[in-house]
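Next up, some structures in structure tokens.
In the two assemblies presented below, chain A is common to both, partnered first by chain B and then by chain C.
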Partner chain A sequence: MFSIETFFDSFGPLFWAARYTLLVSGLGIALGLVIGALICAAGLSRWTAAQRFAAIWVSFLRGVPLLVQLLLMYYLLPVIGINVPAIAAAVITVGICASAYISEIWRGAIGALPKGQSEAAIAIGMDPRNVWTRIILPQAVVLSLPALVNELILLVKASSLVSVVGILEVTRASQAHAATTFRPLEVYLAAACIYLLINLCLAGLGRYLEHRTAV
Partner chain B sequence: MEWSIFQQYGPMLLRGFQITVFCWLFGTIFGMILGLLIALAQRYGVKPVRWLLQAYIEIIRGTPFLVQLFVLYYGGPLIGLRLDALPAGLLGLTIYGSPYFAEIFRSAFRAVPHGQIEAARAIGMAEVSIIRRILLPLGLVSALPALVNFSIILTKETVILSIITVPELMYQVQRMSTETFRYLEANLVLALFFWALVELISRVGRRLEIRITKHLIERT
Partner chain C sequence: MVQASSVEIRKVNKFYGPFQALKDIDLSVPPGKVTCLIGPSGSGKSTLLRCINFLEEYDSGEVRIDDQLIGYEVPGGRKMPARKLREMRRSIGMVFQQFNLWPHMTAQENVAEGLIRVRGLPRAEAADRAVEALRKVGLGDKMANHPARLSGGQQQRVAIARAIAMEPQLMLFDEPTSALDPELVGEVLNVMKTLAGEGMTMVVVTHEMGFAAHVADQVAFMEAGELVAVDAPARILHQPEDPRIQGFLRTYHERNAF
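Up next, the complex of A and B:
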């Protein structure tokens, strides 16, 4: 029968493991923001080769399942002579995967700005660099915040897959805990609760930002 | 790189691919049906039902698919739900997809002009035929791009089934790579294969969208 005691006892070790879930998804999104900005810039540039590279980058990373990307990176890095701990490989993979989605979010946000604004700025004699740094980017970043929070929620869920390469985050810890207690139902439900808790907090943050940034 | 292993393991990989396609189709079709039922129940159901469904949607969307599979496959037997890997995977995919499909249908139904439904009520159409003749045809067309998009996401989620030992493509590729020690080649080919598959499905999907929504564009 369902043991409520085991259910609550599982929260301790799982909360401790949630550090790694937050670490992988947090660093993952940070890396994704940086690479995503570069890819977005490449996609918007006038240079055809850069555009093509950005298109292939986005299409490949959105077409290949994250689990496959993780294993690919895990086996590829040692072959090309880069020896990093599994956690670093996991963060890099999650970040690279997120960059494809983030560059699309930013492209969408920039595209959503009324064209009249930048035209007006150029008409009154602002130089193009200032149009980008003062008109387009500040608004686009604010506009993209709710979508970025949404991406972070997806990453928290996706981070469960890094358990496969041995990172002791919530999912991996719950596997270990289920194996020692022989109560998989209670332990995995507790793990689900932790993910739900993290994501409900993030969803609340997203709604707040959406409310704040709605003009 | 050693490519002959793909020849040797060909039939096994093909079998895995068939199971992948089967899981994907099953999950998409039944997830869509369940999602449609949820969306309709949310539109017409009484308040407690709507709250329960909203909680279901939040819970499934807030937890990773992998954890849901673990609860179902490893936790299920404790409450008498004893499933083999494949049925558990199919059930898991259906449950996982349903809230996303429900949300797609819900916003598509909201996009149906209210005046049309009111007009139908005014001329005395029964609520069931309003759903059948107005809400569904109009809603489904506007939901199509999002439905195609999510079914593409589901293609990629099928690889997670390999973790609970469903013998789909990813599982077979991992088996092949542990037997031959060709981890990199195997995963590289798998990645390229999925890339091609997803590109293909999204192109077919775009064609389908254009064909089905053609009457909308011509009219305006």
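Up next, the complex of A and C:
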């Protein structure tokens, strides 16, 4: 029999665990935006070494599963003498992984702008810094918003993987809760509802941003 | 009356890989005059026009604006410093076929942007001058509109306002009316006529033979990267001697007859 009671009772501990889910995906996307911007800039720069570095960065991080990246980072950091809490290692790994996708999102958005946009600015004698900050980036950022929100949704789901390094986020917490209640179905259903709730909110945010920035 | 520049083009060549887009082009554009560039598609009109403000880099020859070589330090020499090139571009306005307005800015912001970022004017003064330029093209009431809320003809007029607000001494137009619905062509051509009347030096790539016939001081005909002839409009458009021009005009008239 499905126990409605256990289902509802699960929400308490799972909501509490959701703070880690939000922390890992929230800080992860923030870090990913910063590193992604740098990688994107490296890829678009005229230095071949920087271009190559960006290309390797992106293909490595997109080619290796996040789960493996997490385990690698978790065991690698102590070896090179860095002792950070598991949560920090998780955030860094998720951020680095996200940076690869985010730099590609931005590269795509910048590439999607018609060449005439910057030409019109260059033709009146605008310098490259202003061409980027006034003409290209404001448009590229707006163009990239839907894809960035989508990336954040993917991160919320991918954050379940950080349970492998011992972080008690929603998925890990539901495993523990299922084991103590012997009610896996109810508990996992509650976990599903929490993920869904978070991501529906994010999707709503995405639509709002898209609507607000549409010109 | 505006301070108007002259343009001297001497033996200009331009290659795209093995393909030669411009072949030994010679053309003089006198100050305060209107020069129309006509010719079939792919003949090199845009390429030549874009060499004048060095948006396209010519490979050899000279392009001089008021005797000042653009793009290179000396003919066949090193590229000129970017700062110097930007300085020269400030006084050369350009209007594109696709308008190229910045969609994230209002009409007024589009016009004021260059005044603020390039000319270094204070915001308030730039805003005032933007209003003035927009009034001049008949868009005093559309200042707060984003480009998406303007018709094609209005967008192109904003683009012209954006260029003239910089107080250029030379204006380049690359098929400014080709992307417009026929009923919107006139409003843009009228603004251009006014500009010509004020003594602006203008180089206009166009398929509007009426404009070339009535407004241009000289018409240059290009084909396959060559400048075939430069002459008074009537002599090119009404009694062309060159069979290539005759052929082009025949096609043009056939297409426009119904």
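Following the convention adopted for this analysis, the second predicted complex is superposed on the first by the 213 of 215 C-alpha atoms of A that agree within 3 Å, B and C clash if a C-alpha of one lies under 4 Å from a C-alpha of the other, contacts with A are read in each partner's own complex, and residues count from 1 in each chain.
Basically, contacts are C-beta pairs under 8 Å (C-beta built on N, C-alpha and C of every residue); 3 or more make two chains touch, one makes a residue touch a chain.
If you're wondering where the values come from, they're calculated on a predicted model, not measured in any experiment.
S.K.: In the overlaid three-chain picture, which partner chain does A:L72 touch, first (chain B) or second (chain C), both, or neither?
M.R.: Only chain B is touched by A:L72; chain C is not.
S.K.: Which holds for A:L185: it touches chain B only (first), chain C only (second), both, or neither?
M.R.: In the superposition, A:L185 contacts chain B only.
S.K.: Looking at A:Y20, would you say it contacts chain B, chain C, both, or neither? Reply first, second, both or neither.
M.R.: Neither: A:Y20 stays clear of chain B and chain C.
S.K.: May I ask you to decide whether A:W106 touches chain B, chain C, both, or neither, giving the answer as first, second, both or neither?
M.R.: In the superposition, A:W106 touches no partner, neither chain B nor chain C.
S.K.: Looking at A:I135, would you say it contacts chain B, chain C, both, or neither? Reply first, second, both or neither.
M.R.: Second partner only.
S.K.: Please work out whether A:I122 is in contact with chain B alone, chain C alone, both, or neither, and reply first, second, both or neither.
M.R.: second
S.K.: Residues of chain A touched: more by chain B or chain C?
M.R.: Counting contacted residues of chain A, the larger count belongs to B.
S.K.: Thinking of the overlay built on chain A, is A:W57 touched by chain B (first), by chain C (second), by both, or by neither?
M.R.: Neither partner.
S.K.: Of all the chain A residues, which ones make contact with chain B and with chain C?
M.R.: none
S.K.: Residue numbers of chain A touching chain B in their complex, please.
M.R.: 2, 59-60, 62-69, 71-72, 75-76, 79, 153, 156-161, 163-164, 171, 174-175, 178, 183-186, 188-189, 191-192, 195-196, 199-200, 203
S.K.: In the complex, go through chain B and note every residue touching chain A.
M.R.: For chain B paired with chain A, touching residues are 58-59, 61-68, 70-71, 74-76, 78-79, 156-157, 159-160, 162-163, 170, 174, 183-184, 187-188, 190-191, 194-199.
S.K.: Which stretch or stretches of chain A touch chain C in the complex?
M.R.: Within the complex, chain A contacts chain C at residues 114, 116-117, 119-128, 130, 134-135, 138-139, 142, 215.
S.K.: Where on chain C does chain A make contact in their complex?
M.R.: Within the complex, chain C touches chain A at residues 53, 55, 82, 86-90, 92-94, 96, 98, 100-104, 113-114, 117-118, 146-148, 159, 162-163, 166.
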